[in-house]
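Step one of this worksheet: look at the structure below.
Letters A, B, C and D name the chains as they come in the text, with residue numbers starting at 1 for each one.
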Amino acid sequence: MNLSNLSVGLSTYLLVGAMLFSIGLYGVFAKRNIIAILMSIELMLNAVNINFVAFNRFVWNQKSGTNYILTGHVAALFVIVVAAAEVAVGLALVITIYRNRQSTNVDEFNWLKW
Amino acid sequence: MFKEMHDLFRWAWLIPALPFLSFLLIAFVTKRSKGLSSTVSILAILASLGLAIAIAIGIIQSGAEIVEHAAIVNVNWLNIGGLKIDFGTVVDPLSGMMLFVVSLVASMVQIYSLGYMHGDKGWSRYYCYQSLFAASMLGMVLATNLLQLFIFWELVGLCSYLLIGFWYFKVSAREAAKKAFMTTRVGDFGLLLGMLFLYTKFGTLDFATLAAILNTNIQNVAVIGTASYVTVMAFLVFMGPVGKSGQFPLHVWLPDAMEGPTPVSALIHAATMVVAGVYLVARMYFLFVHASPSALQFVADIGAFTAIFAASIAIAQDDIKRILAYSTLSQLGYMMFALGVGSYSGSMFHLMTHAFFKALMFLGAGSVIHALHEKQNIWDMGGLWKKMPITGWTFFIGVMAISGVPPFAGFFSKDEILATALQNGHPVVYAVGLFTAFLTAFYMSRLFFVAFCGPEKPENHPHESPWSMTIPLIILAFFSVVGGWAALPDHNFAFFLHYLPLGQEYEREAINWGLAGISVIAGLLGIGLAYIIYLKKAIAAESIVARFPRVYKVLQNKYYVDEFYLWIINNIMGGVAKVLYWFDIYVIDGIINGIAFITRGSAKTLRRTSTGQLQTYAMVFFFAVVIIFMVFAFGEGQLTSLNPLATLGGVK
Amino acid sequence: MISSALPTTNSLLLPFILLAPLVAMLMIIFLPKDESKTIKIVAAIGTLISLVLSLYAFFAYDRVLGGMQFTLTIPWIPDLGVNLAFGVDGISLPMLLLTNIIGFSSIYASWNMEKRVKEFFALLLILITGVMGTFIARDLFIFFLFYEIVVIPIYIMVIIWGSTKRVSKEYAGMKLTIYLLIGSAFLLVGMIALYLAAAKNGQPTFMFDQLAQRQDLYSPAFQKVAFGLMLFGFGSLISMFPFHSWSPDGYAGAPTAVSMIHAGVLKKIGGYGLIRLGIFVLPLGARYWAPIIAFLAICNVLYAAFIALAQKDLKYVVGYSSVSHMGYVLIALAALNPTAMTGAIAMMFAHGVMSALIFSMIGFIYEKTHTRNIPDLGGLAHQMPRLAIGLMLAGMASLGLPSTINFISEFTIFMGTIHVYPVLAMLGIFGIIFTAVYILRMIANVLFGPRRPEWDHLVDIRGPELVPLVICVFVIFITGIFPNILLGMINSGVYSSGLAKVLETVSQVKMGGLF
Amino acid sequence: MGTVVFFIFAIMAIAAAWGVVTSKNIVHSALYLVLCFSGVAVLYVLMNADFLAAVQLLIYTGAVAIMIVFAVMLTLRGDISVSNTENRHWGWGALVAALVFIIMALVILANPDWRILATPWTSGGSAEDLSLLLLTRFMIPFEAAAVLLTVALVGAVVLAKGVKESK
């Protein structure tokens, strides 16, 4: 099996992104600690970023014209910015909630209940 | 001559308008001033009386001309698609006679009330109602069409309601007023229905037009429909008079209506409003004539039955006003059966004379009640003639008049009715009428002997009433004597009230003195019997009562008709009402609340799915995404066209 | 000057009528809470301006010319064909006037309100505006919009200012609102179906007159279904049996002003809508459903009249009585002829004024005695003669006494229906007896009878409290004595708007009804 | 060569991500997260996104991870070894996540348009190119992002500081 024949294409990157996304999704569904959930969200955001960059690399690279160049990178950059903001606010919320409830356990947060 | 008169007749609308103006004035301006209110009211009705007399003279002078061409003025009142109603005035002998009678009695009663109602708190209110009543009654008389008549008909009903309940703090007055309104309402239902059918069939409610249509097209089935149609309408229209004029099944309200002030009873429940029914039948006589004979036969039967039925009750009553009330019922029955047997003019004649002497007797009774401080039981009275000579004499004239003793007014009218009944082939009705005349004479003289003759009661300190009360008595007594002379020398009252069904020629009839003699004897017999029992005490009244205790009890309780109606209202209507209310609350509302309950119940179950856990929500969300994707990917039908995989090469 | 005579010109009269209470409402919002006197005066002035302007409209309307006048059309959402279109004809003008009469009276009927005055009057003015809007709208969308505006303030007002008797005010408010909303949901479905059907020719529109012109686009089957939906919607609004049960409970729970407006005008939107939308646009559907409406109408008349006999609470008596009276309107609509139609609109007007009067009087009784239980009351004519006059005249109007407008309306209705549904109409007329029984019983037991010392402290209505009495009584009798004022207008509306023509056409159509 | 590097770091990132969600200890999770981010950064490099890789390392592996560790430190109570357990529904969560992955994978693999191999990189990707783009074409989003960050900063401070009970 020739490793060099096993070429890395767009779909490979996308699969990696999909895997990261699904793992993050599982984390969001299954974890009890709210910080762990935030971490899982970060995973999902990273997965999305991989997709952005990958599409930029493989699809738009082929197209001529400067309009398209690096748009994926810019999008990823914005995602990172938003993620950073989200983490900042999210963690502040976690601390506030922790202060009120003495817990970071999502099971105990059921204010949305009827 | 007739032309000039016609100009006068154009002003007939003023007759009801003046009292109406006085009603508005009292209600909005002079309410606070007692003297001013009564002055305004009396001046208005006297002006109307003057105008009515002028019109009556004009009618008599116009003679046959006005009979054939009634002076009619119409103004459009309501004009919409499918319904056109005029308001107007009709001046013909019939309305002229009624105008005179109504305005005369009304003005007498209003003057009389100056004394009778003296010191009453509701003085202005009283005159306010009186004026409204006079306006509505006179307006009704002048009506040119059935709807106009019906409107005023209801308005006099309203006035009657208000005046019966004038002393609204008395529970009995309150209940009586309610009863009067409701009972007449039942009759009005029929009248309204009859009106609707008439309009639907003939497209008009105008008396003259209706009469013309019926007279000219009576054989034309296409226009009229079959005779039974007209008959049905006649029956329906007759329901109104049955209620208003207290004919048999709906008579119950009239005796109770005596709860009102006595002058009101005199005016509304003896002389004027209650005869409105008779007047209506007279106005609509063409309808009854063209209906199958059963219609008029029905009118005659109801009238005759009421006459004897009420007279028999009157024998056993003790309350002076109730005796008079049943007497009124009985006399109304007289007028009604007179119409039924075809004595149109006799009926109107009796209407007029009855108005005079019955108003007289009611006012006389009021005078007595006033003098005895609200005592109404005749057995508490006695020997009043000496203490109250004017009241006594005038009352005596009234009794003579109603008993049909010549030369008093009642004799002529009653005789005319009875004569026509026999002539037109109604022997049974004639017999009933004759017997009623006997009963009438008996119970009226009973009343008179017990209350006015005999020994005085020491606890009473009666005194003659003030002039404001006695003058109307004297005037009415005068008319009770001479009112009948209009028929002399023959039965020519019909000259004044000419009605010619199907072009018959009027025939002047001489008074049949033989028949007249029979009815006079019947009257005298009644008086004599009363004299023997109540004045001579040759036969003890108690022993008669003791011999027929059941009969007496039934009579005294007015054949239990009231109780029967009460039972129906309380048990049947009340019961149905309760059942339906139960149905409404528990079935209709139950269904509604049941739906609400199901909604709430399902919501209670479903809300368990809302765990409040964000994670669960997210999970469900993504699960839904998966499902939707599956549907798109593998589904059939419309959704497949949206299948993203279809564009991506497809997985199927 | 010349241009104003042209019917095509836009007139700003109706927007002014509509805006006057709205401006008053905005002013009230910016007034301080404690200035309750000022708030009431502002509300009264706002409604007075509307009243005066609508009176002007009523008498300035050219009856000979007929049709929609004082029109204003502004395209609003052109893609959907929604126009901000106002206008009145002989059918809607009486209803507009009625709204303003009752609106103005209702302000005065709540003159003694002390609880949350600011909010109350602001909501009341919104309510009045909403009702007015439904009557002057010429566009179905706008009509529906205003109708939905109406529902919200009513709910809030019943919940906050209502009174709890047999049912709690929360229940009453909820029932009222849910009924109206369910009705309007069905209406919405019907409306959208109608809109889609009418848009088949590529020009979507919501305008009533254009919807009515596109008869060929509605198949008979469609008309039956769409009219059925509207019948359910409008029927529950006009308290058609068996969708009437919100009415007594709702009125009993609601504060006086809301009862007045609700019974007086809001209910009439049902009848008005059935004419404007149902019969104009879907005449075949109306024809199909007419016998059913007539039957249910008679159920209304007799059933509710009987139930009113068994009531002890004043407001329940009047509530059931209003259900009963609506039966007359419904059977007149079902008769599908111009006379009955005129009668139906006149009856809506007549009943509106009458019920406003009676509810305001009952409101005063309740306010002063704190009870509405008939056995607890009695002899009030001693202490409050003016109130007694008001209640009695209202009762007389209710039982159709001649010389009140109610009589003429009833008579016209009977005249129009008796040859279409003889038996049902007779049963309906029979209802007047029961009406008399329960009304007279109520009047007698509340007003008359011996003086009761426990009510000796009561003060008769005076000053501003007299306004509803004077206005309503005046309207009842002036239109009753000179009926051409009102019925002439309605008649011109029925004929000039083309309703009479529609009715004539539809009466010639042969189709199998249900009965 | 690139292929080998890719697989090494891709597998590392995925494994680290797996570690993040399975580790019972929240601190271990945080450390796995750092590892995962680093792996992703290498993938960026492989895709010629040098600047993004740097940003990824700076912001994610640096700032975000440290903030998370701080948050863990500030909130942690009880036994650290069970600080990051699964809830009752983790099975369902796994199922849904797996389904989502399967669907995504199916789409990715089924789409012929996406079977693209790398072509020589021509577009630059340096900080200079990006900054040019950000300050011209994406000017407004860029400024919006700046505002967002400021707001987030202020918001975070306000939230974390806690609002004093008003009288």
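In the analysis below, a contact is a pair of C-beta atoms (placed from the backbone, for glycine too) under 8 Å apart; a residue touches a chain by one contact, two chains touch by 3 or more.
Everything numeric here is computed off the predicted structure, so don't read it as measured data.
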Of the other chains, whose C-alpha centre is the longest way from the centre of chain B? D
I'd like the most central chain, judged by C-alpha centroids against the all-protein C-alpha centroid. C
Note: of the two pairs A-B and B-C, more contacts are counted for B-C
Quick one: report the Å distance separating chain A from chain B, using the average Cα coordinate of each chain. 93
Compute the distance, rounded to whole Å, between the mean C-alpha positions of chain A and chain C. 60
How many angstrom between the C-alpha centroids of chain C and chain B? 35
Gap in Å, rounded to a whole number, between the CA centres of chain D and chain B: 97
Chain D: positions in contact with at least two other chains: 87, 89, 92-93, 96-97, 100, 111
Two-or-more-chain contact residues of chain A, please, as numbers and ranges. 25, 28-30, 106-107
Quick check on chain B: which residues sit in contact with 2+ other chains? 615, 619, 622
Which pairs of chains touch one another in this structure? A-B, A-D, B-C, B-D
What residues of chain A sit close enough to touch chain D in their complex? 3-4, 6-16, 18-33, 35-36, 38-40, 42-43, 46, 49-50, 53-54, 56-62, 69-71, 73-74, 76-78, 80-89, 91-96, 98-99, 102-104, 106-107
Mind pulling up the chain A residues that touch chain B in the complex? 25, 28-30, 37, 106-107, 109-114
Touching residues of chain B toward chain A in the complex: what are they? 607, 610-615, 617-619, 622
Give the list of chain D residues in touch with chain B in this complex. 87, 89, 92-93, 96-97, 99-100, 103, 106-107, 110-112
Show which residues of chain B lie in contact with chain C when the two form their complex. 76-83, 147, 150-155, 158, 165, 168-171, 173-175, 177-178, 181-182, 185-186, 188-189, 192-193, 196-197, 199-200, 569, 573-574, 576-578, 580-581, 584, 588-589, 592, 596
